[in-house]
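Once you've had a glance at the structure underneath, I'll fire off some questions.
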Amino acid sequence: MDINNLKHFSAQVDLDDFNPASEKDKEYMVKMRPSTTAFKDGVRRLRKNKIAMISFWIIVIIALAVIFIPMFWPYKYEAILGMQPGKPVDASFNNLAPFEYAKSELARIESGESVFPHIFGTDAQGRDYFIRVVYGTRISLAVGLFASIIVLVIGLLVGSISGYCGGVVDMIIMRIVDIIYSLPDMLMVILLAAVLKVAIGTSLEGTPLAKIGSNIISLFIIFAILYWVSMARLIRGQILSLREQEYVLASQAAGAKGSWVIRKHLIPNCISVIVISTALQIPSAIFTESYLSFLGLGVNAPMPSLGSLASDALNGLSSYPYRLIIPAIVISLIVLSLNLFGDGLRDAFDPKLNN
Amino acid sequence: MALLEVKDLHTSFFTDAGEVRAVNGVSFQLDHGKVLGIVGESGSGKSVTAYSIMQILAGTGKIVSGSIKFDGQELVGAGEKVMKDIRGNKISIIFQDPMTSLNPTYTIGHQLMEAILLHTNRNKQQAWDRAVEMLKLVNVNEPEKRMKQYPYEFSGGMRQRVMIAMALACEPDILIADEPTTALDVTIQAGILELMKDIQKKMGMAIIMITHDLGVVAQLCDEVVVMYAGSICEQGTADEIFYNPCHEYTKGLMRSIPTAENSGQRLEPISGTPIDLLNMPKGCPFAPRCDAAMKICIKQRCERMEINDSHYASCWMNVKKAVSEK
Amino acid sequence: MNPKTLKYILKRIILAVFTVWVVITVTFFIMHAVPGGPFVGEKAVSPAVQKAMEAKYGLDKPLFEQYLTYLTDVIQFKFGPSLKQRGRMVIDIMTDGLKTSIKLGVIAAFLALISGTILGSFAALRRNTVFDRVIMVVTTAFVSMPSFIMGSLLLIVFAIELKVLPANGSTAAGLILPIITLMLYPMSYITRMTRSSMLDVLGQDYIRTAKAKGVPRLRVIFGHALKNSLIPVITYFGPMLAYIVTGSLVVEQIFAVPGIGRAFVQSIINRDYTLIMGTTIVLATLIVIMNLISDILYKVVDPRINLE
């Protein structure tokens, strides 16, 4: 060892420094990061995602708005304001611009009454447009949600059965899935909607379902028939991989500990896949519903849907463009927020995409 | 003059989470025709050092400071034009995972000929012949037929041979091999190493062998550099490192491999986990895992000290020994 | 060609044919499940005349016999006369409509493909810059808007407010807005797909190998990276066509384009059953064929998939 190298140390060397370091000293050098569960980790990642969180709050606000506003709003969506029983038809209610008032309303204001404004004006039949938009949103959201739940339930059921039973049952179900999957869905949807409209139309009268409308029922039926296939495939895949893990673990000496591992890791994995898939299915359902409503195959008048409002607005487009723009913005906002939130969920919880 | 001179190289990755200091002050030399081994664990910075030499660092990586001289020419800051000419031509590299290192949509022949056509004056036919010649050199059978095949038609060992052929096609002065056998079966490993030894004798190029496998080092390397957490702990000839390790980390490595001497005894792995390159503490990076760590190790890094004119180490233990010997 | 690939192709073709058969059958039975038949609701039709019409159209025969007749007819492209457009054969109505719609669809698809791959590649190369972020925001917006919203908005802005483009789709210039409407969604989808695929490819080891060989940057991108990035885009061909078909139903309505989509919608409103069946089958078959081509192309092009 070259002593010369030591020379410039001699002034600083404290012989005590050459005593062994304690464990505490060593620990001080290494800062460990705390470990968390996969779920908490995912939630943390999700919250960090500003876009996903903003989208989440937008959806919540819209949902709350459509639930609560109709409760206190003075106008009903189906109320044709110009036609009061016993009074002559007041056509001045039709096609009011936002914040405009009809003649009889102006008269009431003059006499000291305060009349609630029509924030979005009225439509061609004198119905308050704001509440129609709110109701339309409510319908679109509800349809989207319920359709997705139907898809989830059926897909879960069929997928589980297929994955669990295996063998011939699995093969048959998968063939059916393949065929349904390759059917051009939109065409079938339109066809079924057109037919069911006529077929169910009259048979629902008198039942509570009549209020919802035959078209919506047919929409749900269509979703039940056609759209469960992706979910079924997904679930089946998860179950198959679960079985593979079990088989592998069983052939080791691990025993009970192995199944604990499965329960802790694979089930949460399944759930996250299901949640993400459903979250992304909702905007797709809303899309389909608005599309059908636009073609006239969706909700029955007078019940509004964002799609049917847009369709109606086409007629007076040059004079009243805002009647199209408003539902257009609302639909786009809802679908966009749901998509962004779904993407955020996937980024946060899908382990495969983690770097 | 040495063929390759690396002086005080610092390379970092500038990520969202901060600056990851992957290489901190690495210096070594490589002479013509010699085989240098760079040994270390994952994360020690050995691959990043190699990528710094070739300047093929991934997106956020940058050479922060230092000098890399190839044949007297400074590479740091030299620019793409210079590097393009050197890569695949004067300095070549083969990577760890042969399964993913070849483009699946081009034939082997195309990929082999690409480098040849880029760097030499050969025409297509000559490039083809040269490529076939290289395949023969690496013992790939039926080379003409293989030229028209796609990577998925080759096994792992064969692909690695193709990679070697690709790297050597332009007769580089230096071949960098980044853990070339780690992803292969043990039996295939031996074949690849034999091949490399053979070729090195035939073509006489210098090799930088990056590995964590001391057995490979023992077989091939003339000189060895031991890295930990981005710095060099110890460097010297292979004999010196194996028989007279002067850094606690190197000593730990030697203790953990089975040899004829310690047969029948318990192997001692090195306990603990490596430090966080994002928040590097003062002091010796190995101290938290070192059984012989002293108070000064926590406070201050040990500078590189000469043990003899071909052996250097950065460990306070040497100072302690010298002081107590006085 | 790999025998495994051939087997796969055969399987897919059989599945496609089977699917078309299912479509024909389902369509047939659904249409005949409507209570009352096609002549219900027609004003001033006495029962005798109604019976005569039913006999003329073969609607009085047993259902299964009608089905077999229909099946054999369809295979020979005999779709029968339109029930509501007197004097016109279904096949003629469809052919006229197809001419316009195919023009519309092909141009839209082509534009979407070209612009999508270019924008997507650039976004990947200029990752996290302003350029990239703007593209991502814009494409996300377009992907969330239903085609009828898009079409209507474009109509308002360009045809009504600015008056720069015609609102009616019967002229050549009148096709500009419909084409733009149809292409925005697929373009956005392809842009995002290409970007993601390109980013994925750029991180692969073989790109590093190419760079380490001294391959110049441009060649790395357009030679090595692009080829691999475009492979997943091929899988989108089928869905893209399906979107264009369904999108055209709505777009042709909004812009009054005389295409097969509008014919289909009108046929549903008019309950023109023969026309409904004809257009459904033709459009469905188009989509199935496109999906088939897409699947086969993907298998053939990706050498790695061949291994399985």
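Here the chain labels run A, B and C in written order, and each chain numbers its own residues starting at 1.
Keep in mind that, in the parts below, a contact is a pair of C-beta atoms (placed from the backbone, for glycine too) under 8 Å apart; a residue touches a chain by one contact, two chains touch by 3 or more.
Here the structure is a predicted model, which is why all the values come from computation and not from measurement.
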Groups of chains joined by contact, in the absence of subunit B: one piece
Dominant interface by contact count, named by its two chains: A-C
Euclidean distance of C-alpha centroids - subunit A vs subunit C, Å: 25
Between subunit B and subunit A, distance of the C-alpha-averaged centres to the nearest whole Å: 51
Contact set on subunit B toward subunit A in their complex: 272-273, 275-276, 279, 281, 283, 287-289, 292-299, 305-307, 316, 318-323, 325-326
Residue ranges of subunit A touching subunit C (in the complex, touch as defined): 178-179, 182-188, 190-192, 194-195, 198-199, 283, 287, 290-291, 294-297, 307, 310-311, 313-314, 317-318, 321, 324-325, 328, 331-332, 335-336, 339-340
Subunit C - residues contacting subunit B, complex: 203-206, 208-217, 224, 227-228, 231, 302-304, 306-307
Subunit C residues within the subunit A interface of the complex: 15-16, 18-19, 22-23, 26-27, 30-31, 33-36, 140-141, 143-149, 152-153, 155-156, 160-161, 242, 245-246, 249-250, 253-254, 264-265, 268-269, 276, 280, 283-284, 287-288, 291
Residues of subunit A that touch subunit B when the two form their complex: 1-3, 5-6, 9, 13-14, 16-21, 25-31
